[in-house]
Structure formats: structure tokens, C-alpha cells
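Labels A, B, C and D are assigned to the chains in the order they are written; within every chain, residues are numbered from 1.
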């Protein structure tokens, strides 16, 4: 009796122990200490942009015709010079290329360049973060202008017949200089009387380009607008709206770069959902050059330039490449024929 | 008095029933709390809890109708409700855990109590220690350890299956190989096989004279075997040792095939997929070209294939993909068709496209070991469809490339341009050949030119030995011996020139359509028509037909010649022709 | 015990004593050697923001039910955007703080109007579970002024952080307990 | 270079630095005066400053001293239980069971393997102190200082004896566990012991469901099987077991001479009591023969172990992040898998060459090849040594506690009539003393 009781107790204990061991083994098997299963977070926790990426094929009217390596670790800015030679600024140098991407020498700089412009004469104006330096065609430095303010951060230089336009993102102002570096006048500073709203520049991107209509186009990223100023500093026209869809400018602060096509249309470059598109001078969307599916998703800012043939040249800071886009409708591929009349 | 207390305490202590009951009650409490907590836990953490499909649905609905204020309100209410629930839950979990902890303490205490109450007075151990008993214990211990070791070994074996590092051997192998001097098959060995489009030199000339001249597809006479090719295409068979290589592709699928020469069994299929930057297409491609027009090439250790979307892949002879890359879809209005060729450890890729102004035509030389670009030549030419050849002139190798409008010769090792001649025009599909010390290039838009490969710079004026303008082919490549050069048009006009002088020996209208290029074996010229009729012609100053053979299946690919065999790719099947 | 002492130590015992002494020296000496040359002081776990990819593992792999990792905001780097992509959905219905526009699943980001057109964004740490969704949004479009750090009032500083073991970008590092945070520097 | 992946990481930092550059030099908005930027507030202080570490060390020292005294000097089971509960409360629930001496093994190994890692003082103390105490007073640490031991000792309500042969075999597992843990730390894979600590989840009052179940199961087992973790898993226990063979003082069941009453025979729930060798001595021949055979087999076992270990190298290597990353990247590049993982995305975002990654992985793998071979040999050695111990016969006249297995819990004391007699005498002595006071 006593023995049997003891025995049954032993048996019960045995069963319990066995079950527990099985449970323990299973638990260990299920344990995932190395993150193999990834975060087990639900949909609400995923930052999802894939619905915003695709672009209607009918709008895509450019094709990438060429891409070549900048040979720079961190290319920053792009400019087109005389007879469409390409200048890429980055690291502590300027790399030069033929229109077809064959390297044509490079110049060392003693600072990190942030932007540059090259005149038809081959004189180059290089933004060196807080000031502008001038180099002659031979590449010798002829001048270094004083910074405009202690917060100055130059993000764009434009060479125009009337002088040199400098976009200072740090001071939130565009400056018109004479070729000799004398300040003619600031443009676009906040001024309620002339109802100039002023630039909102949350991130170091403020770009300018000379329109074919003689009006200076300046980005106002924080307000998601492109603004047109007369060289006297009057705000003549502003367009653009914040929209995640392709009609508007996406994200917190766009566009970040602009360029002007020979026919006066404006090429805009957006960061985030990296998109390069062509808008009519008055802001109506003409077509898309390339969208995030081709250019990617990041906040680095892809500089754009246009050459005399109307090729749109994009500086890809991730691939560290210069990418050349041309209208796809030129040759008769069925895809591009679905596009519309122009290009 | 003190004694009394102790006795009372002792009495309580030894009350087994009370102890057991307490244990049971506390145990039940613990069990319930634990169960509740687990259930709660399974309802998910912050993440799943907040992640409400309902809200997601409502949000997408709002995206569709951005002005629906009622919907917005609903979203806000639901959102608030869920958050409140979430924080309530956290609070409950906290309370639950402390309850459980308390319960556990009580339970354990009760257990201890019960145990001490149960504890009987110590009794002497049951078994007298004996020598036999000790021996038994030792014995069983030994065997249990052995058993455990065996079990452990078994588990280990099962586990090793999971962790296989073969990939690392391969990856590091490729790196090491690229560091080491390249292993290259000697020319005389290459000459024994059929490593590329139109054979060792790309000239369509067989190294073997004992090749069959008669067969019949219908009766199977003279046919060693035939095997269906999974995806049909117009690229030609390539043979190395006991392996025949082909490729096939549709708009979305790209495959490389390895057949066994013995019985034609499909040894392996290499899928070319998931290449970074690769895209399907192109959409607009000519029916006759297809998605796998280029013939594969092999170096004797690996086989290389390129497709219409410029997917380029290298497989080892066992079908494992060694490397792959995409060059970017070339702009080519008929579809990409130039075949690959291997020079030493370089894979030469013709990447002509668009127009000369576009300046997008390139020649690449990739390292066969890892696919990295060794040199790249920018070419002022438009799209072309021919396959270059490498010739040896005065001890130096020259890479002869044809395109509109230039014939350009490069040093194949460096990509340095040696000479160029402007003697082509329009779409260039026929590949160059080399015979009697002359480079022979031809296409319909221009002329048949015999160029002396000696010069440098533009040799158009200086080095063209002779040219002729009769019977110029638009697709089919020429075939030549030191004495005679044969042109064959798609419509079947065969024109024979004397290679040295360029004087026309004869022309013969064979009333058949041709896509495959003519080949030469000894004194025989093999012409295979698009319908699969093979015509064997005696090489000589006058047209003499030696015989005809019917394959009974359409042929657009050029044949491959091996010892006593001819490999022909029909529209559907791969044929091996030879004597049993 | 007393009689134990007086007994002459047998050979066995003597050898054991010797071995024991050697062992003691080994353990003590070894430990001392390992401590001596190295930087003294405790180490704690922290995320290196330059390596963090905001994968979300921090929210679920922490041993705490509510992760010790929270989002922090580097105000000097912030653009004070009206349309903050760390605060709003990628495609907001409207620029209000209503639930349908807000990005943060736990509503842990507070938006405050400063002056036209600037808005200030602060993190309510009680609500943040460190999922990093806002970090992704801010990094993708903006200045990446939002980033993740382990809060040392919560972090139990496990011997090996279980998030670190599951981190896909090896972003977790041991830092001196004296300076337990890796703030984004603004120079 | 110890960890090749470190090179990559360094490069990553450099690259990231480049991109960040422009953002960080950029000034904040031009606020109108009156607004000042808030500062990112730091919440709370570091979880573990040095002082806290020293306090822990001091508490550990005190607890060890107390445990040793209670186990050997005072011979008080009740005292040990109380102390154990105290340790459980402090090291367990208050200090969240971290850092513990068991885990400290890994810190020490890491400090040896990775010159870049500074061994925290507390870790060193937690590792060394219990070993030193064991060297002099036996496994008093296990008795009442280790929170893992304490929690198991408390739940042990109705002990069921584990058959000796099974216990012997399972007793080898801790050595394997120890070897594996050391290997993985040395190679920079992971802290195995911490990742699979069964009870730390309870101490933190929060753990994943899987580990909660694991711990709970061990506790349930522990109700019937004495201290399952300590005896059949704990790698630190393995070390202590070795050291305690040399201990200066150790638990003796009887305070004086053993009277061979055999009352204590079944008293130990951990099977640590060895019986006196039988009167009729077994014929010495067989014993000697067995001994000789085992000695011969020993090198074979080591060799076999080494081979087996080498074969397991790839499996072990997969515990290393670099290996897993390299495999994933390779599979993606070879077109064997669809899509990418967070790991591969992160790697590609750094723009580092896959070649570097593969070579780094190759180096790691080489390390594992030698490491696992050594591990295998070690396991072989352990098995051989155990077989030797089994074959060795020593004359035992008393019922005594096997130093390696005894955790000094003091359960057996009260089973010994001599002990009970001793306690009585003490009581009377006290009683007499009181009377004296009364009379004086």
C-alpha cells in the first residue's frame, strides 16, 4: 500500500518532469536571439512609400541614354560649361568630362566645394560652403569672395550676363553679385511690403537658375514652391504645392535643384522620393524624367543640369555617377510613342 | 509555557492536510493567473495591438475620398479607443505579474510546509553497499555516458546539415582566383573544340576533315541523337569536350543549357535570373532576332551567355552560377545579337547600339573570373549585329570589329585601337573572316572589302587590297579559304571570289532561303538553308554540288563541327550528326 | 576541527594544498591581469546613430516589454518643417494633428507652432516604443534629426544586450557609463 | 586582427560621416528672437555606475562569507535557506539577475579574446570571488548566494532521486555547455549563457513567452528533481565542481566520527552522498584492467572529439553575424533568393565591397575550424576523465559528500544522529549557562 502510493507518486512526478522537458525543448527551439525573424511589428509600423513610387508610363518621356562614373567619393554639384563640357564638384576637387563622359582632367581645391557655375569663357565660380572662389579657364584661382554672413552656406552659383547669382541657404537669401564680386543686391529676403515671403530652407538646399524669360527661378523648398524674381528683386511668379503625388513636390522640403531647358521649361529635382521632372515655365507638369524607381529614395539631393542640346544631366550621389537623360520619343519605340506630342 | 508554544507550532507544522490544502489553493491561484497572463501576452505587444487592420482600411478609404469628414472622425475615435485599450492592457499586465509573483511565493511556502509536514523520520538506506552493486553502478554509468555521447553525436550530425559553408568556398575561391595569374587553355587545345560562334577562330572552319556529308532527319539516318531544346532560339551550339552549350530566352525567362555529347541528355539548365539592375524585355524586339540571338562562349572551364536585355552570366561546367551582371538594355532596333568570345582570360562583349552621334557604342573586355570590366572602348559607330574575331598578324593579336561605318581593330589585351577603315554602311550583321592574310568584311549597304591588317590609324585609303560589290549578304557571314571566299545571301545567291585577287570565280543561285552562315570542312563548303536543307559544295573555282541532306526542321543557327560529328540546332531540337 | 589541525598533514593533503595555492594565484592573478591594463569603469549599451537603420527590432527585441530604446530629437539639426515627414504620413490628408494624418503609431510626437512657417516637434517618451518609423520618415526626406537612443533610466544594461544580438547593422556598441549617450554632434 | 568585420565597420563610419557632413554644418531656421532651441533632455542616470558595481561586489563578498560560515561553521540549514532567499531578493529581483558569476565567464573570455574590450571590475570580481571561496570552503556559493540556485532550491518540494548512471551522464552536459559558450564568445558570436538564461526573465518580471516557458519548465522539473539547472546545465557549476575537489574545508555530513548508521543515505536530493566502499573488496585485477583500458581509450576519445568538433565547425560558424550576412549577400548575388533582408540592405548601404565581406567571413570561419576542433577535443577529454574517475576506486570508510556534487545546502546534517546529539549538547550547555547567570 505504502509502496504503491510511493510508486504512483513517482510515476506522476515522472510524467510532469517529462512534459516539462518537452515544453522546455520546444521553447528553446522557438527562441530567436539573432533577429532572424526581424521585427514582428505590424503594418502600421512600416514606413510605406511603395504606393507613391510608381509613375504613369505615359508621363515618363525621357530615357537614360548614358551613365558614367564621376570618380569622386562624394560628388556634390554639377555644371555644364562651354560646348557642353561637364564639371562635377566633390571631395576637394572639380572633375571635368567631355559631353560623352570621357574624363578630361580635374582640378584640386583647398576646401569642400558645395556648388559651381562655369561661364562660356571657361571661368568657373565655385561655392566653397561659406564663400565663392573664382577660377580662370586655366584653373588658377583669381579671387575668393568674402562670406556674406557668418551663417553663410552657398548652395548654388549661376553665371548670367548681368553678373553672378549666389544662393545662400545658410542666410536664406539669394545674392546678385557683379562679376568682380561686388554685391549688387540681395534678392528674395523676407519683405512684407513687396510681399516677398522669404525663403524657407529646412535643409541645405537652395537652388537658382536663369529662366529664358529673363526671370530668375529660385527654389523655396520649405514652401514647396519655385519662385520667379526679376533681377530687381520683385517676386513675379510662384508656383508649386506640397503633394506626395507626382503633380506636386513631395516630402518636407522640395524641390532641391532646378535647371532650365532651352525652350524655357523648368527641370526640378526632388529628394526623398527622388524624382526629376519637367514643368512648364508657369508650373504645369509637362512630363517626368525619372522617378524613385530609377533614382532611389534618399535625402541627398540630386543636382540637375541641362546642356545646349536639351539633354538633362543628373548627378547621382549614391552611385557617384553622372546620368544623362534624353527624350525617349526620338526613336520609334512603341513605349515612347504612347507619350504625347512633344520631346 | 515556551514548551507549550513549541508543541502547538509543531502540531500546526505537522498538519499535512492543512498544508496540502493551502498548496492546492495557492497552486490553483498561480495557475489561473499564469494562464490569464499568457493569454494576455498572446494578444500581442504594443505593436500588434495598435496595428489595427480596421484603421489601415479606413485610412486607405480616406485616401480615396480625402474630403470625407465623417470618416476622419471615425478614424480619430477608433484611434483613441485603441490607445486607451493599449494603456489599460499594460496596466493589467503589470498588476497580473505582481499577483503571479505573490501567488508563487505563497505556493512555494505552502509546498515547503507540506513537504516538512510529510517528512518522516530518517530511515536507514535500503541497500547495503556491496562490491557487486558498485560494479553494476560503474558498468551502467559507463554505458549511459557512451549512450549520451552517441545521442550527442547524432544531434550534432543532424545540426551540421543546417550549416553549410560551401558558398564561402566559392566566394573566396573567386576572389583568390582573380588574385592569382589567370588559367588559360592553350590555343592548340582551344582549336580542338568549338568554343564560340563559328568555331575556334570564328571563321566557320572545322579542324576535322572526317565530318559527315549525308544524313536524313526523316529516316534518322546519320543522326546520332536529337534532343528537344526547352526554349527555342537562333543562337548556335558551342562544344567543349563532352558538353554542348546553348541558350534560350523569352521576354521574361533566360536560360543556359548544357547537353551531353554522348546521348544528348540535358545535363543542366542554368537560370539567369535575379541579377541586380536587370529588367525584362525589351518590349520592341524583332521576331527573327528573339531574346537569345547571341551564341554563348566558353573558356573550357566556364560558359558565358548574354541575352537581349544585356543580362550576362557565367556558369561553371556543373551549372553553378559564378558571376552575373547586367550591362543595361542596349538600344538596338532589331534586338541585341552579337555573340561573345573569350580571349585569354578576357570575355569580349560587343555592345554597339543606337547611332554614332549617341556615342553609346562600347566594347567591353570583362575578366572571365569575376566579370569585372578590364577595359572599355568607346566607339563612334551605330548598333551592329555581327560577332568580332581575333586574328594573329605578324605575331600580334588583333580584335577585328565591324559596325556602321567602321571596321576597327583593337589590341585585345588592352583595348587600344590599332587601325580603322571606313568600308561599311547601314545595318551590319555579317561577321568578318580572315583568310590568306586578309580581313574580309562585308554588308549589303557597302561592299566586300579585303583589308591588309598591317596598318595603323585610318587605313581606308591605304590598306584595302581589293573590294567587290556582287552578291553582298545582309545577314549571313562569309566563309573563306586562302584561295576562295564565299558570300551567301539570304535569298540563296552563292558568290565565289578568289581570295587573293578578288576576281569573281562564279555565282550560283541556289533557290533556297538562308539564315545560317556557311562553314568549311576540308574541301567541303556546308550551306544549311532556313528549311534545314544542307548543301555540300566542293571548294574550287567552279560550282560543284557534292550532295544534299534534309534535316526536316528549320535551321537559323550555324553548325558546330567536332571529330566525326556535326551539331546543328534546329528550330526545336539539337541534332548530333555522325556515324554510329 | 581542533584535532584535525594537530594531525600531521598527509602527502595527499600537502599536494592538494599546493594545487589549491596555485589555483588561487591563477584565478586572482588572471582576473587582476585582465583588469589592470584596460580602461577602467563600467560600460553601458548604446546605439550608434550613424549605423542605425531604424529597422524596428529595438521595439520588439528588448527584454523589457516596453523597450528601453526611445526616439530622441536633435533640435539644432531639425528643419522645423510645417510638413514634417517624421510627423505626418508620407501622403497626409491635411496638415493637422488629427489621427488620420499622423505617422507615429503610438502618437508619441508632439507638434507645436512656433512662428510662420516653423513648427517644433518633441518626443513624448512615455508613449514612444522605439519603433523608428519617424526616424525612417525624417531620414528619407529630411535632416535625420530624429534618431534612436537607449534610455538609461529604463535600460537594464544586460550583460549582452538582446537587441544588440538581433541588430541587423551592428549599430549597438558598449560606451563608457560616464557618457552613456551618442548624441548627434552639431559642429 | 581579431574581428575582421571591425575593419568594415570602421569604413562604414567614415562613409556615413561624409554624408552627414553637410547636414550637420547647417544652421537652424532664422527664428525671430524670443525662441530658443530646446535641449534634448537625458532621462535618468546610467543604469550601472561604478559605485553600484562596488556595492554589488561587497554584497557578494558578505554573502559568500556568510554562506561559508553557515554551511561549515554553524552547520545551519535554516540559516542557509534564509540567506538564499536574501540573495534571491537582492541579486535576483532587485539587481535583475545581471550581472551574475555564470554570465561573467563570458566577459572574462571576451576580455582575453578581444583586446579592445575592457573587463569591468564587477565582472572580474563576480567571476573570481566565488571560485576563490569554493577553493577554500566548497560550493557555498551555490548553497545560498547564487539567485538561480536559490530559486531552484526553494521550489524543491518533493525530491525524486535521479538514477546514478543518468546523473553521471547528464553531469557531462555542463562541460559541453561551458565549452560552447566560451567558443562562441571568443569568436565574437554571442553570449550564449545570457541568451538562454532560464530565470533572468523572472527576475526582470518581463521576458519573451518562449524563455518564460523555458524557465517555468525548469522550475516545475525542479519541484521533483533537485536543482536541474545547477546539476545538468550550469557551466559555472562545472567550474566550481572542478575547483571544489581541491577545497580546503568542505561539508562533512557528520560533525565527528561516522557511526555508519546509514540514516543519511537517501537524504541528499542531489545524489552527492558517497557510500563507504564495501567490506568485501572487489578483486583488484578487474579494477586495474578497467583503469588501464580507460587510460588507453582516453587519447582515442580526444581524437574522436576533435574530429567531430571539426565536422560541426560550419554549424557553429552560422552563429556569427558576419557568416550569416556573407551567406545572405552571396545568395542574393547568386540569384538564389528573392528580395533582401535588413541585414543585407544595411550592408549594401555602406557601399563596402562584397569581397571584403567574404574574406572577413573566411577569417571567421578559419577561427571556428580551430575553435570547434579544440572544443571537440575538450569534450572528449571530459568524457575520458569521467570514465577514469568511475574506474578509480578509493577506500572510503565514511558516508561523505562528493565535493564536486555537493552544493552545501545542509539538508543532510539533521539526518545524522551524531549531529543531533551535538545540537542537544549545545542546547544543554546554553541551558546550564543560563542557570549559572540565574544563580550568580
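As a working rule, a residue touches a chain if its C-beta (ideal position, glycine included) is under 8 Å from a C-beta of that chain, and two chains touch if they have at least 3 such contacts.
Being a predicted model, the structure only gives us computed values, none of them experimental.
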| item | value |
| --- | --- |
| A-C or B-C, whichever has more C-beta pairs in contact | A-C |
| Between subunit A and subunit C, centroid-to-centroid distance (C-alpha), Å | 32 |
| Computed distance of Cα centres, subunit C from subunit B, in Å | 43 |
| Computed distance of Cα centres, subunit D from subunit C, in Å | 25 |
| Mean-CA-position distance for subunit B and subunit A (Å) | 35 |
| Residues within subunit D bordering two or more other chains | 23, 25-26, 29, 158, 190, 195, 206, 208, 216, 223, 321, 341-342 |
| Residues within subunit B bordering two or more other chains | 47, 50-51 |
| Of all residues in subunit C, the ones touching two or more other chains | 55, 57, 59-60, 65, 78-80, 91, 105, 131, 143-144, 162, 165, 168 |
| Topology of the chain contact graph, where touching chains are joined (line, ring, star, complete, other) | complete |
| Residue numbers on subunit C that touch subunit D, as the complex places them | 16-17, 19-20, 23-24, 27-28, 30-32, 34-35, 38-44, 48, 50-51, 53, 55, 57, 63-65, 72-80, 114-115, 118, 120, 122, 125, 143-144, 151-160, 162, 165, 168-170, 174, 177-178, 180-181, 183-187 |
| Contacting residues of subunit C [partner subunit B, same complex] | 59-60, 65-66, 89, 91, 93, 98-100, 105-107, 129, 131 |
| Interface residues, subunit A side, partner subunit C - complex | 32-35, 38-41, 44-49, 51-52, 200-203, 222-224, 242, 244-245, 250-253, 271-272, 297-299 |
| Complex contacts: residues of subunit A adjacent to subunit D | 9-10, 13-14, 16-17, 20-21, 23-24, 26-28, 30-31, 33-34, 38, 73-74, 76, 112, 114, 129, 151, 153, 169-170, 172, 200-204, 300 |
| Footprint of subunit A on subunit D - complex, ascending | 18-19, 21-23, 25-27, 29-30, 158, 160, 190, 195-196, 208, 210-211, 213-214, 216-218, 220-221, 223-225, 319, 321, 324, 341-342 |
